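Provided herewith is a single structure, encoded as C-alpha cells, for subsequent inquiry.
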Amino acid sequence: MLNAVAYDAWILHALIWLPLVGALGLFLLPESRAKEFAFGWTGGIFLLSLGLLVQFDPGGALFQFTSTATWIEMWGVSYSLGIDGISLFMILLSTLIMPIAVLGSYNYIKEREQGFYALLLLLQTGIVGVFASMDLFLFYVFFELTLVPMYFIVGIWGGERRIYAAVKFFLYTAAGSLLMLVGIFYLYFQAWSVTGAPSFHYLDLVGTPLSFVEQLWLFAAFGVAFSIKVPVFPFHTWLPDAHVEAPTPGSVVLAAILLKLGTYGFIRFLLPFFPLAAGHATVIAVMLGLAVVGIIYAAWVAAVQPDAKKLVAYTSVAHMGFVVLGVFALTATGIQGALIVMISHGISTGALFLLVGMLYERRHTRLIEDFGGLAQVTPLLATAFVITALATIGVPGTSGFVGEFLALLGAFERHPVMAALAATGVIFAAYYMLPMVQKILFNSLEREENRTLPDLDRREVAVIAPLVALMIGLGVYPQPVLERMEPAVQAVVQHVEGGTVDWAGQGVLGSDQEEIAYDPIRSVGAEPAGSDR
Amino acid sequence: MELDFARQSHLIWALLPEIVLSISAMAVLLAGVWKHEEGRPQDAHWLGGLALAGLLLAAVANGWLYGLSEVGRDGIIALDGFRLFANWLFLLGAALTIVVSFTYVERQRLQVGEFYALILLATVGMMFMGGTRDLILIFLGLETMSIAAYVLTAYNRRDRRSAEAGLKYFLLGAFSTGFLLYGIALAYGATGTTNVAEMAVSIEGGAGLSGLLVAAMGLLAIGFGFKVAAVPFHMWTPDVYEGAPSPSTAYMAAAVKAASFIAFVRVFLVAFEGVYTSWFPILWWLAALTMVVANLVALTQANVKRMLAYSSVAHGGYLLVAIAAANQMATAGLLFYLLVYTFMTVGAFGILMVVSAQSEERLQLEDYSGLGWRQPYLGILFTIFLLSLAGFPGTGGFMGKIYLLQGAAEAHLWTLAVILVLTTVVSYFYYLRVSWYMWMRPAEGGAGEPGEDSAIFAPLPMRVALVATAGIILFLGIFPGNILDFAFVSAQDLFPPASGLIGGGP
Amino acid sequence: MAEILFYVFAAIAVGGALGVVLQKNPVGSLLFMVVSLGSVAGLFVLFEAHFLAAIQVIVYAGAIMVLFLFVIMLLNLGHDYRADLRLGFWSVLAFATVGGLAGLLARQFRGAEESPIYQHFPGPAALDSLIVEQGVVGVIARPLFTDYVVAFELTGILLLVALVGAIVLAKRRV
Amino acid sequence: MGFTEHLVLPPAVSLLGAGWAPAAQGAAYEPFLPGLILLLPLLGFLLNGALALAAGRRSADRIRSGGAAAEGSVEPAGRMLPTWIGPGVVGVAFLLTLINFGRMLGVELNEPVIRSYWTWMGTGNLNVEAAIQLDPLSMVMMMVITGVGFLIHVFSVGYMKEDPGYARYFAYLNLFVFFMLTLVMGANFPMMFVGWEGVGLCSYLLIGFWFHDRPKADAGKKAFIVNRIGDFGFLVAMFILFATLGTLDYVGVFEAAPEAFVYGGGIVTAITLFLLLGATGKSAQIPLFVWLPDAMAGPTPVSALIHAATMVTAGVYLVARSSVLFALAPAGSVAVATIGALTALFAATIALQQVDIKRVLAYSTVSQLGFMFLGVGVGAYAAGVFHLMTHAFFKALLFLGAGAVIHSMHHAFHATHKDWDAQDMRNMGGLRRFMPVTWITMWVATLAIAGIWPFAGFFSKDEIIWASGAAARGGFEFIYTGLWVVALAAAVLTAIYMTRLMVMTFHGPSRAGEEEEKHLHGAPLTMTVPLIALAVLSVFGGWVNVPGSIRESFFGGFGLLPMSDWLDRWLAPITADAQAVLLAELGPVADQAPVGGGHVFWGAVATVVATAVVILTARSIARAGTRPAIEEGLPEGGIRKLLYNKWYVDELYDRIVVRPTLGVSRWAWRVVDQLLIDGTVNAVGNVTRGVGWFGSLFQTGQVNTYAFILTLGVLAVLGVLIL
Amino acid sequence: MLTEALVVSALLFLIGTFGVLVRRNAIIMFLCIELQLNAANLSFVALSRHLGIDGQVFVFFVMTVAAAEAAVGLAIIISIFRHYQTVNVDNFNLLKW
C-alpha cells in the first residue's frame, strides 16, 4: 500500500525537509498554538518514519531508500540519501525523541515558544540529514547544521550560565568538525586522484587507498571530531555544562540524539574509511583505553555530583564509553552492542532528563539534596524514574543491559583486559545511580515543599510511557533491531578486517571473505551496474 | 567583436564600463553641485539613485563585454573573465554600499553628491586595477581608489574619529604606496616592462630570478599586502574601519579589499607565475599570520565595528590562502569568496548602521543586548550574516571557504588549510558573541517588546538590500553550483589551459 | 664629468633627504626637501630625462612644495620648534630596521647593470638618438598619447578625485 | 514484503503458546505449561503493580492534603485483590511445578528439556535464546521457590495486613518469584543473569520497602551495589566462556567444557573464580557478605524468602549448575570450599553476639550458605543443593517465626507507645506462653539447623561436612582437612547461637513489661499455617536424601528412611559430568574422615555433640539471665565486643573501599575534571583570548608604531625572500 | 652608473622610510613619503636609460599621483588640524586597541 505512493522514494526527503517546513509554518500560527502544532508535526513525522521499519528489507541491499541528485556538480557533491540498518534506527530514534521532547517542553518553555520549536524542528532536519546522508559533503553540512539550533536552544532557554555552556558546546564541537573537514578534503582529493572524477559520495570514498600514515592522520582528524561529539574522555567537559544549562528538551535531544552523531560517525565513516588505522593495535588500544577510562571515570565523577542533571550528564559520558568500547572491539557483536547502547541510551537517558526536568518544573531546583521521599507523593514519577534508572545502569530485561552486554562481550573476545575493566562500569553504574534514586525518591519526606508536589499528569505520562515501554521492549526483544543492523555491521567489520565488502550491494560477499587478501584499490570505481545510486 | 588595441578606438569599447561609470560619476557630481547651488538639501535617494543608475549602466556595459574577445593575452586592457567577474564585484560592492548608505548620509549631513561621486570614481579606479595588465595602470587605478578611499574615510568632518582615521589611512597608505611604487620600479628594472603578461614572458625568457626581481616581488607583496590588510601590514585597518563613516567602511571592507586582491592575484599569478616557488613562502606566511593574528585580536574587541574590521582582516587571510595556492581552483575560490564576502560584509555593516541609528553611536556589544527579540527580523538577518562570515554551512560563506579549501587542498597546502579551519573556530567565538548578545542576553533596562526601539532606522531601501543580501547569501550557500562554475570559468583566463582541474586530476 | 656630477647631485640629494628627516623646523625640512628634489632633477638630467627634470623642478619642487609650505603656514606651524623627532630607543630600533633593509636591498643591486635582459632592449644609445629625433618633450609625449593614453586619461580621473576630495575635506563651510 | 516476515510474534504470545506444544526433543518427559510457571508471577506483578500505583496515588493525595507520610493502613477492600493475586499466582505456579515434577519423576531424563521462545540476542556468532531449561536441578529449585515462596506469600497476607504498601509488597514479591524462576529456569548464562540481577533488583526494592526510613533505603542500596560487584564477576565469567567456547547455552558450554579446557587450566580457573565472585555477591559470602545482615531491614517474610530460602542460594545453584567447570578447575573449587567454610565459621561467630533476632538469623544464613559453598566446593554438588533445600525449609521457618515474634512485639510496643526495639531479643523472653505455635515450630527449625537427627538439617549438613572430610584427596588434602575442622567448629557454633536465640526469645521471664504482655498475642492463621507446613518440611525434608553410607545405620532408621540418596540420584544428570572429571583426576573419595572414622561414627559424634551443646547452652544462658536492652549496655572489650561489632568488617570496608572511592570520585571531579581537563579546555580559550589581547596591544593608535611594524614586516618579507 | 643610481635611490627611499618612522609631525611624515616616491622616480629614470622611454612615462604619472596625494593629504591634515589644533600624530589616538 505504501509502495503505491512510492514511499521509499520520498520518505527520506520528507523526513529531512518536513521539519524545516514545519519550522517555517510555526511562524504562521499564533504563539499559543506553537506547541500543539510542533507536537502534531513531529508526531506526524514519526508516524511517517515508522514506515521505514516496514519497508526496510533486512535481506536487501546494504543501503536502501537510496536516491541521488547532483548538488554541486563541479565538486562532485551530490544530494544523496540512503540508509542502512544502522541509520534506520538512528532515524527512528530521532523521529521518536522529537515529539517526546516537544511534549516534554510544554511546561518548561514558557516564552518565545515559536522560536524554540522552530529551532527544535530545524535541529531535526539536521539530525535526520546526518543519518540519511550518503554524501560526505552533505553529511558535513548537516553535521554542522545541528550545532546552530542547539546553540540557540541552550543559549536562549538555558539556565544561569547558559551562554558559557552554549558557546563551549559550539566551539568545542565545531573545532573538531572543522578539522574533520580538512580530513574530508584530503580523502576527497585522494579519491579523486584515483577515480579521476571528483565525488564526495560515500560509496566512492569508502575504498579509497591510503597509506597507513595517511590513514592515521585522517583517522585522527575524523576521530577527534567524532570523539568530541560523543564525547569520549577527555573531550567530555562540554557535555555536563551543556546539559546542566540546557532546557529539558534540549538536554533530551542532546543526549538522546546529538551524541549519537559522533558514535554514528565512528561506525559509518571512521572504520570503513580508515581500516588500516582503525585496525592498528595501538590505535585500538588508545581508543579502548579512553573508553574504559571514560566509563569508570565518568561514573566516579557522576557519583559525587550534587546536581541531578549533571549527574545524568556524566552518566552519558560513561555510556558513550561503552559505545566506543563496542565499536573498537571491531567485532560484529561489539558494534551491535554499541549500537544498542546508543539507542538505549537515547531512550533511557532521554527519559531521565525528562524526569529530572519534571522535577525541576515542580521544585525549580535540580539539587539532589533538595528532594527526598518523593516516591510517597509522586508514585508514578517514582516508578518511571526507577525503571529508567535501572535501564540506565543496565539491569537485564532493559535495553541498557542488551547493549552493554553485547558491547562488552564483543570487546572481550579481542581485548579481555579492557573489557573486564570496562565491566566494572556495571558496579560503578549502581554506585552513581542508586544513591541519587534514593536521595530523590526514597528517604523521608523531610522538606515541607516536597509534600505537595503533584504526580505526573497525563501529558507527562504520555511523555514517559513510550520511553519506558521501549526500554523494556528493547531489553526483552532486541532482535528486530539487531537483525536489521547486522548486515551493515558485518560490512564494517569485514571491511576493517580486510575482507571484501560490496558497499553498493548487499554488503558482505559470500562466506569466503577471509581468503581474499586486502587490496586497497579494490573497491575504487567498483560500482556494480545493479546499484541504484 | 575582437578587440585589437593597436586601434585606439577599440580601447573605448574595452573600457566601456569604466567610461560609463566615470561619466555617471561626473553626472552625480554635477547634479549634487547643482542641487547644492539651488540651496536645496541634497537628496541622498535621488543622487544615490542616479549613482545606482550609473552602476547599472556600467553593469550592462560589463555584461556586453562578454560578447567581445581580445587579440592575444597581453593587451594593456585585459578582456578576460577574471576582469569581468572582478567588475561585477566592484559594481556590486558600490551599489550595495550606496543602497545601504542613504539614510546614513542624510542623517550625518554628508555631502551627498561628492560622496557618491567619489564612490563611483573609486570604483572606476578599482575597475582599472582589475582590468589592466599594465603595472602603471594598476598603480594609477590603485591610487585613484585609495585617494578616494582616504577622502571617504575622512569624510565626516564633524567627527574627529573620522578625521583621525583618514589621516592614519592616508599616511600609512601613502607610505605603503611608496613601497609598491618602488617595487614596480624594481620590477621594471628586472624585466624591462610594466606589462604583467610580458613580465612573465621576460622572466621565463631569460630575466630569471634576478636580485632586482626578488626585491621587487617583496616590495610588491608588501604594497598589495597593505591594501589587502595582510598582517603585519594591517595595522591601519581596525582604526580606519572604526573611524570611517559606516558606509565608507562597508565600501572599503567590500570593494577596496576586493580590488586589491584582484590586482594582487593578477600581478603575482600572471607576472610572477614562473617564480612561484620563491614568493610562495611569503604568501604562506602572510596568509597564516593574517588568519591567526586577526582572528585572535578580534576576540578581544568589544566594539562591533572594530570587531568587523578585524574580521575583515581575517577574511583577507583566508583569501591570501588562495593566492598562496596559486591555482585555478583557488583563484576561482577567491572570486567566489569575494562575491559572498561583498554581500555578507555589506549586509553586516548595514545592520550595524541600522542599530547605531545611522550614526556612529551604539557600536558596543552591549548595545546589541536583546536586540534579536526586540527586532527579530534584524536579529535574524544579522545572525545570517554572522553565520556566513563565520563560514557556517548553509550560507555562502561556507561555500566560499570550501572553495578556498579546495584550492588549498589541490595545492597540498594542508597546514594552511588546518590553520584556516582552526582560526575559523576562533572566529566562531566572536561572531557568536554578537549573536549571544542579541539573543541570549536581556536588553539593558528595557522591557524589550518589539517596536519599542525607537532609534532603529531601517528605511525601505536598507530593508530591501538587507533581505536581498541575506537571501542571496543563503542561496549561495544552498545552490552555489552555477556561481561556482562561473567563478571557475572566470578564473580560467589567468591560467594556461593545461593547468585546469576539470578533466584532469589534481 | 658626468660621473662627478652624478656623485655631487647624489650627495646633495641624500644630504637634503637627511635634512628633511632631521630638521626640527617644518619649514626647514621643506626647504631641504626642495634641495633634495632639485638634486634629483639634476640626476634626471644626467640620465637624459630633461623633460622630467623640468617638471620635477616646476611641479614638484615648485608647486607641490609650495602647497606644503602653504599648509604649514596656514596651520601656523612655521614657528613650531618643538622637536617632533622620536629619539632614544625608538630611533635606534627604526634605524636598525631601516639599516637591515638597506643591507638586504644592497645585496640585490649587485650586478644590476649586467642583467641579461638589457640585451633585449635598444639601450642608451638608441634612446639618445630617439631624443634627438623627437625632442625631449616629444619622446615622452608620444607614448603618453599612444601606448599610455588610457593611463593618461586615468590621471584625469585621479586628479578629479583629488580635487573633489580636497575640496570636500578642506573647505571651511560644509 | 510483509511486516510479519521480519517481526516474529510478540514474545508473550509465543511464551503462552509454546506451553502446549509437544516437547521438541521427543523425550519422554513432556513439560506441562512451563512457560506459564514463569508467566504467572509476572502477571501477578503487573496486576499488583497497577493496584499498587493506584494505591500509591491515593496515599499521595492524602499526604498532599496534609496526612502523615507513611501512616494509615489500607482499607480491607483495597487488600482484597492483592491478597488473592499475590499468593494466588505463586500457588498456581507451585501446582504447575508439582505437575511438572511429577511428570519428570517417572522418566529417564538424559538431556534437559529446553523450550526456546524467541531469539533474545543474536548477532555475529552470538546467539542467545530466550529459553528455559527443565532438568532435575532447575526442578528442585523451582519446587523450593514456588513451594516455600507460596508459603511465605501466604504468611505475608497476615504479616503485611496493615501496611499501606500492601499491593506494592505483593507486586515486588511476585516479581521476585518471576526473576528467581528465570534464574533457575533459564537455559543459558545470560538468562540466568537476567534472573540473577532481577532478584537483586527485587531484593533492593524489598529491603528498601519502607524506603522512607533512611537506613532501610541505605540497606537496599548497599545490597544492590555489593551484589553488582558480584555481578561483575558473573559477567566476566560469561565473557570468558563465550570468548573460549563461543556459546553461552548450558548445553553447549557443559558439553564443550571437558574437551575445551585442560584440567586445572588457567582459563577455566579464571572462569570459576569469576563465577565465584558472582556467587559470593549473591550468596553473601566472604568478602561480599556485608549486605545480607543489613538486608534485614526489609519486611521479615522478605528476609525469609529472599535472604534465606531462595535468592541467596543462587550462588550455590550457580556452582552446582556449573559443576563441570568447577570440577575442571580444582583451584576454583578449593576457593569455593575455602570461602564457604571460612564464611560459615566467621558468620557463626558473629551470630553469637548479636541481639537483634533477625540479625542472628541473617548471620546464621550467611553461615549456612557457607556450608553450602563448602559442599559444592568439595564436589558434593548434590549435598550442597540438598542443604540449600533443607535450609530453605528451616531458615524460612525461622524467619517467619521471627517475623511472627516481631509482629507481636511490635504490636505490643506500639500499643503502649514504648519505643523499645521490637527486634531486640533482650526485650523479649518468655514468649512461649503467648505464641506456642511459633515457639514449637521454631524449636523444630532450630534443631534442624543445629544438625540434630532426624531433623532435615542433620542429613544435609552432615553430608556436607562428611564430604569435605572425605574430599581430602588430590593435591589438596591439607586444605580440605582444615576446612573439615572449620566446618565442624561452625556446626557447633550454629547450635550455640540458635539455642541462645531460642532461649532469649521464648524462655525465661518476659522482659517486655507487664503492660505490654497484655498486648502480646499469637499469630493469625495465615501466619501459623505456613509455620506449621515449614516445620513439617524441616522435620521430614531431609529424608529425601539419606546418605547411602548411613542408611543401614541408626541414622538411616536402619534402612527404614525411604529415599536413600534420592536427591543425589535425581541430580546425577547434572553432576555426573563433574563427578566423572573428579573421579578421573582425583580418584574416588575416601570412605573415612581425615582423622579416621567412618560416616556413621562422625554422624553420631555430630548429633551427640550438637545435642549436648544445645542443652548446655540453653542451661547456661537461662542461668545467666538476660536484662532488657535498655538496661544492658553494649559489650565492653574483648572478643564479645569484637563479635558484637561483627569483626568491624563494615567499618573496615568503609575505610578501605567506600571512603576511598568517594574520595577518589570527588578528587576526580574537582581536580581532574574541573581543574585539569576543563581547566585545560578553558585555558585553551583563555590563552587564545590572552594572545589576542596581547596582539591588540600593538594596536596603539600611533601612526609611527604602525609604520614601524609595517617596516618590520617589510624587513621580514624581504629577509625571507632574499636570505 | 645604473647600480650607483639604484643605490642612491635606495638610500633616498630608506631615508624617507626612516623619516616616517621617527617624525611625529604629519606633514613631515608626508614629506618623507614624498621622498620615497622621489626615490622610486630616480630608479625609473635610471632604468629607463637601458630599458626605454616607458620608465620616464611612469615617472610622469608618479608625479601626477604625488600631486594628487599632496592635495588630498594636505586637505586631510587641515581637516584634522581643525579638530585637534595640532598635526602631531601622537595626539591622534582615539582609535586604538
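Each chain carries a letter (A, B, C, D and E) given by its place in the written order, and its residues are counted from 1.
Just so it is clear, contacts are C-beta pairs under 8 Å (C-beta built on N, C-alpha and C of every residue); 3 or more make two chains touch, one makes a residue touch a chain.
Please read these numbers as outputs of a predicted model, since none were measured by experiment.
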{"item": "Subunit B to subunit E, fewest steps along touching chains", "value": "1"}
{"item": "For subunit B and subunit C, chains touching each", "value": "D, E"}
{"item": "Chain pair with the higher count of C-beta pairs in contact (B-D, D-E)", "value": "B-D"}
{"item": "Middle chain, criterion being Cα centroid separation", "value": "A"}
{"item": "Maximum centroid distance from subunit B, chain identifier (CA atoms)", "value": "D"}
{"item": "Distance from subunit D to subunit C - Cα centre to Cα centre, in angstrom", "value": "102"}
{"item": "Gap in Å, rounded to a whole number, between the CA centres of subunit D and subunit A", "value": "37"}
{"item": "Whole-Å separation of chain centres (CA-atom averages), subunit C against subunit E", "value": "8"}
{"item": "Separation of mean Cα positions, subunit B and subunit A [Å, integer]", "value": "42"}
{"item": "Multi-partner residues of subunit C (at least 2 other chains)", "value": "86, 90, 94, 97-98, 101, 104-105, 107-112, 118, 121, 147-148, 151, 155, 158, 161-162, 165, 167-169"}
{"item": "Multi-partner residues of subunit E (each touching 2 or more other chains)", "value": "6, 16-17, 20-24, 26, 29-30, 50-52, 54, 57, 61, 65, 68-69, 72, 75-77, 79, 89, 92-97"}
{"item": "Residues within subunit B bordering two or more other chains", "value": "136, 140, 143, 147, 150-151, 154, 157, 166-168, 171, 175, 179, 186, 189, 192, 214-215, 238-239, 300, 429"}
{"item": "All pairs of touching chains, each written as two labels joined by a dash", "value": "A-B, A-D, B-C, B-D, B-E, C-D, C-E, D-E"}
{"item": "Subunit A - residues contacting subunit B, complex", "value": "70-75, 112, 140-142, 144-145, 148, 151-152, 155-156, 162-163, 166-167, 170-171, 174-175, 178-179, 181-182, 185-186, 188-189, 192-193, 196"}
{"item": "Residue numbers on subunit D that touch subunit A, as the complex places them", "value": "1, 3, 6-8, 10-11, 52-53, 56-57, 59-60, 63-64, 69-70, 118-126, 130, 190, 193-194, 196-198, 201, 204, 208, 211-214, 217-218, 220-221, 224-225, 228-229, 231-232, 235-236, 238-240, 242-243, 661-662, 664-666, 668-669, 672-673, 677-678, 681, 685"}
{"item": "Subunit B residues touching subunit A - in the complex, by the definition given at the top", "value": "373, 387, 392-394, 398, 402, 405-406, 409-410, 414, 417-418, 421-422, 424-425, 428-429, 432-433, 435-436, 439-441, 480-481, 484-485, 488, 502, 505-506"}
{"item": "Residue numbers on subunit B that touch subunit D, as the complex places them", "value": "167-168, 171-172, 175-176, 179, 214-215, 217-219, 221-222, 225-226, 231-233, 235-236, 238-239, 278-279, 281-282, 285-286, 293, 295-301, 426, 429"}
{"item": "Residues of subunit D touching subunit C in the complex", "value": "704, 708, 711-712, 714-715, 718-719, 722-723"}
